[in-house]
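What follows is chain A paired twice: with chain B in the first complex and chain C in the second.
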Partner chain A sequence: MNAQENPKQDAGKVLLEEIQKPIQHPKAGSRVLQVIAIPFLAVVTGLLLGGVFIILTSEEVYAAFRQSFGSGLLAAWRAAWQSYVALFTGAIGDPARIVAALQSGDGLEIRRAFNPILESLVNTTPYIFGGLAVALGFRAGVFNIGVEGQIFIGAATCAFVGYSVSGLPAILHIPLALLAGALGGALWGFIPGWLKAKTGGHEVINTIMMNYIAFRLSDWLLRGPMKAPGQHNPVSPKILETAMLPRFFESPIRFHLGFFIALAVAYLVYWFMFKTTWGFDLRMVGANPHAGRYAGSNVTRNIVLAMTLSGALAGLAGANEVMGVNHNLAMAFSSGYGFDSIALALLGNNHPLGVVLASLLFGTLRNGATRMQVAAGIPIDIIAILQAMILMFIAAPAIIRTIYRLRFKVQVEGAVTIRGWGGKS
Partner chain B sequence: MEPVLELRGITKRFPGVLANDHINLDLMPGEIHALLGENGAGKTTLMNILYGLYQPDEGEILVRGKKVEIHSPNDAIAAGIGMVHQHFMLVPVFTVTENVMLGEESTRYGDFLDTRKAAAQIHQISEQYSLEVNPDSYIKDLPVGVQQRVEIIKLLYRKADILILDEPSAVLTPQEVGELFKIMRSLTEQGKSIIFITHKLREVLEIADRITVIRAGKVIGTTRPQEADESTLARMMVGREVELVLEKPEYKPGKVVLKVDNILVTDDRRQIAVDGVSFEVRAGEVLGVAGVQGNGQTELVEALTGLRQVVSGAVTFLGENITNVSPRRIIELGSAHVPEDRQRDGLVLPFSVMENLFLCTYYKPPFTKGPVIQWDVALKNAEELISRFDIRTPGALTNVGALSGGNQQKVIVARELSRPIQLLVAAQPTRGLDVGSIEYIHGQILDRRNAGVAVLLVSTELAEIMQLSDRIAVMYRGKIVAEVLAEEATKEYLGLLMAGVPQDEARKQVGPIEAKAVRGRELY
Partner chain C sequence: MNNRSSYHRQLEEVSPLRQRVMGIVFLLFALAIFVFFISGQDLAAKRASFGLTPGGAKPELPPLIVAVQPALYLFAVLCAVAGGVQIARGFKRWTNWILGAVVGFFILAFLTWAAAGKSLNMAGLLSTTLVKAVPLTLGAMSGILCERAGVFNIAIEGMMLSAAMVGCLVGSLAKNVQIGIPNAGLWIGLLAAIGTGALLAVLHGVLSIKYKINQIISGTIINILSTGFTSYISAKFMQPYPELNNPGIFPQWSFPGLSAIPFFGPILFQNTLFVYAMFVFLIVLQVALFKTRWGLRLRSVGEHPKAADTLGINVIRTRYMAVILSGMMAGFAGGYFSLGSVGRFDEVMTAGRGFIALAAMIFGNWMPLGAFGAGLLFGFADALATRLTILQIRIPSEFMLMAPYIATMIVLAGVVGRGQPPAAGGVPYEKE
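Showing the complex of A and B:
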């Protein structure tokens, strides 16, 4: 791990360095630990406090406390335990059932046993795209709040290509529809990027406004031009079979190719940001626009480029949902993926690998929450509270450092890009 | 007489570093005691201990003969110790009065602020110590020198009588330094005691009553200005002989490299900052641009390096018109730029030393193959430059923000001077640096000059200009008011020109100037 000893670096080593920076202490292992410690402890603390909320909102616990203190404590423990067991089995699967299914050798049963974890991956996929969109923007010094809107536009353009272009084989139709989604999102990112570069209008304000335009625009599209003929509900026609992302298993398992596309795109973003001159350019301008200008970068072009690429990634999130899950465009189909993405990019330290890991966490929690609601009667909102607390701890690492008496300060490159709320850059 | 402050055996360890090693120091009433040392010698750690920001591992602090425990700045203030930090702690959108009151608000009718009373008190303080300041001005409208006065008033308002001034002159113009020294004298005459932290030898000799030199966390010795001179102090500070006067081969100017023709440049507020300036810089010469900060030098440099729009006029570099072309084009033609504000323009602080060392050339071979960056080449390049330019860093992958100011500047110098260049534009290349780094950077600049590079040196340090330049241009209110050969310039003459005295009148006042007047003697 010591770069001086071995100047030739492979991809993995460069990636490690990106995570470990700055390398000042001799023990490289402790650096990795430092970067991971805060998110990890934040998740643990979030889960613990989430348990407290579950207990506080449980009717049974109060009833048990009215009987006796001991049974109250027992009920409290049971409430929290059952909820998290439900969350776990909902998100990952029931280990006992998996084992039994594997022993029985029944294909259908095996697929069903593995469905929860596969469904978690289905939920993870749009998060990966969205998180990458935000992370790329952050690294380049722009704060893309408009991922949600870009998802809608990307989904709309993708759906349109999906149902209106016929006669293509899947091998062409799928890439074309994905491209349409990316371009739709890119357009929606380009506009605020261009506005910022040309007029100085702050991208935070403009992307939020672009969100509203996107929501209402897709409303109008679904009630008007894109409405499926003969349908009462405002939904678009189903996309053609040739535009659907292939699923790996029979219904009801929805696990589809999108997950692997997302992983590939994550690697591509990593490669772009950390291995190419374009990525270096973006990161340089993002970390210090003055130095970027001094070093000869075209700062305005980079802002537009970053917003456009960020929008394209968000558009892919929309395309993925249309082509892999819903197969049509419906109102409010995204339900907050774009906004959660901002949070999980932060959780993932704006690094593609971190984004993938954070997306897995969010996707799993989101999927497990449904099961928790059904099995343990815990309102799904608890998960929102849980996520909120995890993020709060991430965003304010001082809390975690104080609670666990961590002495080091984590310095990460990604963190500085959050400057630039105010003023011109 | 009993010392007003005494430090006995102060020791402070940080992981892997002994920052302060049994330091003894005493301060007499009415004394200016200079604490001299290179960056990283442990001066600031010691003062932070005194100010309650760190706790010493060993040793004790005595104020007026009584042992005190200082756990916070509040304890320090209570003991009568006040500190003016290098970077001011003021609220820019508050008035002077509000800033002074902050944390120590005087009130009436319960919780209503009594600004009038505070303003009167500030007025009284500023009369008493000749600290001229308008209590109703907003901080953001005040020049740096006056902001510093506000910091001092803050301490006096809190009844501090031991004042610690941490590198107070680093941010000031020569004129402001003069005023600061007057204020310091007036303070000590009225019984205040001052610890003056600095690494500028000349200032120490001018103002201090006693000088304590520390190096690598240890006290090397205490002396008096009458018994010391610059070279002895420099030797104590650095631990070896320091070349205060650099050897300079004969002045042999070559072809014109940079030609500036009647350019007009505006500042951020769209006021004219550079007003019809023309000059030439030839190969193998250093043209020094002297002037008090804020007379258009910053804007001039930015215009020449492509960072600021030229409104009219032309800039020609090796025969090519570079007026309003992109910074990258100017760099590619063979121009290097050591920017005035190194942390803002010259470096990306959260990036590694390696990345900062190829900041201007990352996009072309050998650092790239197609669009892909060759990190192994970048690392090799970094390691080579680190050893060649003696950059003190734990490694090539350390964040540049973690280095000391001197080493940060060395990173910039290494990057800019390692390229094949024809022109070097250096703005304030040694501001805030210690003697060792200054010596090194000056040597590098002269090396380039001797190798035939045209150098434009912009500095507010007159000594630096006189040490390095072959010709000196003086800038005043956006115009070049005089251009003289370095041999014919004296400090007095340049000082008058910088203050706006017309050339012929300045010459009359100074009298005949002997060619080859003592040069470089008063550096640092």
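Showing the complex of A and C:
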């Protein structure tokens, strides 16, 4: 409230805090613990409540309770336990099978045994890009809720370069296609960023609108200009061999170079945000635009820059899916990465390292849920419920503190306050 | 006193620059009609036939036959005249109405061109428009209730989706309940849908009012949760047991007498409960928000909560009430999808309509009547998109479907007059 009423006084205060922050390191160990405690407990609580939900929707449990109370409890425990065991083996792999495969020395069997964990990394990769996109935006004070649309546009531009540019060696074609994806996403982020900076139109609304424009645009592209000739389904042509991200193992393992690119990009984002002047400028404006303006930052330029970079990261997520996994563009291939990214950024405290860890968790859950659907008959949509609950506990740490009676308070960094949809402000 | 009135006049006046820009926009519309629909086309002898009776309605009216070329010239000239007058004199505060009329002429010209040599059922098109506008308007009213009290609600989509699912499930379970009224099961399902919306709204309220978390994030939580929850239940129960996904559908009620009015009768007075309810809610909400003490209090909490608190209004309680009412409205809108439209639940059946409703709310400047206008416009774009495919017009329907989103971005950018969102929107209230 005060920030609006008395910007100047507040500006000085926030600036001072920002400068002093690195100096205050009382007890590094306890601080790390505090930062990790809330996300950890949020995930644990989310998984527990997910188990309760599985039990409540399980027919066997009700049938068993009708027999006797004891067998009901047993069935409830079994329903939840079996689901999570299936989730675990689907995501990490079956330890017994891995051991057996290693002993037998059969190449195909070893690949199959290790496939789950590598597939989890494949699922993790787009999450890293998406989470970084939202986190960078949050740090710079903009709320990019349009990652989903930026992923689509990035995938479309990347796929176009991937199948239409021929004759290049892979060493050139791969970076070119990645760049095309990043540029497509960047454009889709630039527009709402520019609108916010110039007209005050709120980026939340504009990015939501841009999402749907992107969906319709890609529908049209896939039914018209980009449709693969001779194909009945609305899919684009396959990208050329030279534009595919190399895979490290033989089929059926899909693990590809994208994961390492994502890690490198995460490090780049870290370096940019925390080690360069531009990054500092972005974070300062994000922490308090009034303070930023007071200190001589170009707030307008920073908003546009932040949205564009955020869009570029999201575009890379789309490019990664096209070049590493699908090898073409299909309708609705993204299925919710954009909205999950918001949860990832918050779970990772808007820090690149945190985002990578959170992405590993979500990627693993997503992969495991596929297995759980087959083995335990639990619809894959359970992970959306888990993610929503984890996001809730992260966003409202007071709930976690109340449940577990924690004393300390953790300052969530880079959280955005929203002031008005734009127009007059 | 004098000062104050001059201040008001200043607000109402249109800046000279904007006047010229608008005039040029009108002229561009005229030019567009000429370039796209008239020049280089063989229209001399063509007639367009507009059906005036929706499918199956009685009595049938003879279709309206229009000579295409004169009609197109008429629309182009009307747009050009409006542009000329606007540049020379300006329509002052009527500018936006004239803009609406010019857009209307353009759409009519487009329809005439599209139907040249063919026939287009105008009444059917308008009837579809109204039906498509129902969930958008109801959703937008849900948003208005919430945001006028200073709480953003991007969870309309999620609330509608959950309500559609629960309404369908409960409606199917209660199908054979007999309590003396026809379609008792459907009514119970509808109540369940409204209750689901309210329940999610309580969650939104607790997270954003009590725990003061970012209201956008709170909305996102509800959206993700709703997608997961509804698809989960649908995959686990409603697909394996079709009897759980068969609640039936609210029948159409025609008003005796009124529905016999030619043209308008079948469009307006031969509908399901949801269309009539939308009109009732629309009027009630418009009056309640702007003519009653209740509405004044609700709006004051959204504009300046501290002042409202000083005057003894319980800000927190008012916000909870507004959010819960908003959820109930979204729940009712959700009931429309499964119980009023198709009679079953499909995964993700709201398909982004909650976000178009949000757009309609902004487009309608946070006013119920404005939101209804926006809902009609967006519904029209949707209805037209399907007709164009039937008429074999080579305009991809996807671009028609993009129109609402682009229009909203233009409005938000303040090109065509600025919206006036509630001043305290998105800021959690902290009592000092």
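Structure notes:
Going forward, the second predicted complex is superposed on the first by the 387 of 425 C-alpha atoms of A that agree within 3 Å, B and C clash if a C-alpha of one lies under 4 Å from a C-alpha of the other, contacts with A are read in each partner's own complex, and residues count from 1 in each chain.
As a convention for this text, contacts are C-beta pairs under 8 Å (C-beta built on N, C-alpha and C of every residue); 3 or more make two chains touch, one makes a residue touch a chain.
These numbers were taken from a predicted model, which means no experiment stands behind them.
Once chain A of one complex is fitted onto chain A of the other, the partner contacts of A:L360 are absent, as it touches neither chain B nor chain C. Once chain A of one complex is fitted onto chain A of the other, the partner contacts of A:L263 are absent, as it touches neither chain B nor chain C. Of the two partner chains placed by superposition, only chain C is touched by A:I383; chain B is not.
Once the two complexes are laid over each other on the shared chain, residue contacts for A:G296 go to chain B alone; chain C is not touched.
Measured by the number of chain A residues touched, the leading partner among chain B and chain C is C.
Within the superposed three-chain model, A:R216 lies in touch with chain C and out of touch with chain B [touch as defined at top]. Look at A:L47: by the touch rule set out above, it reaches neither chain B nor chain C.
Once the two complexes are overlaid on the shared chain, A:A395 sits against chain C while remaining clear of chain B. When the shared chain is aligned, chain B comes close enough to touch A:M284, but chain C does not.
415-416 are the residues of chain A that lie in the contact sets of both chain B and chain C, per the superposition on chain A.
Listing the residues of chain A that touch chain B in their complex gives 3-4, 7-9, 14, 17, 21-24, 275-278, 280-281, 283-284, 287-288, 290-298, 411-413, 415-416.
Chain contact summary for the complex, chain B toward chain A: residues 305, 307, 326-328, 331-332, 337, 339, 341, 344-352, 355, 359-360, 362-363, 368, 371-373, 375-376, 379-380, 383, 394-399, 402.
On the side of chain C, the complex with chain A involves touching residues 152, 154, 207, 211, 213-218, 220-225, 227-229, 231-233, 235-237, 352, 355-356, 358-359, 362, 396, 398-399, 401-402, 405-406, 408-409, 412-414, 418-421, 423, 425-427, 430. Remark: chain A residues 1, 57, 143, 145, 195, 198-202, 204-206, 208-213, 215-217, 219-220, 223-224, 336, 339-340, 342-343, 346, 377-379, 381-389, 391-392, 395-396, 398-399, 415-424 touch chain C in the complex.
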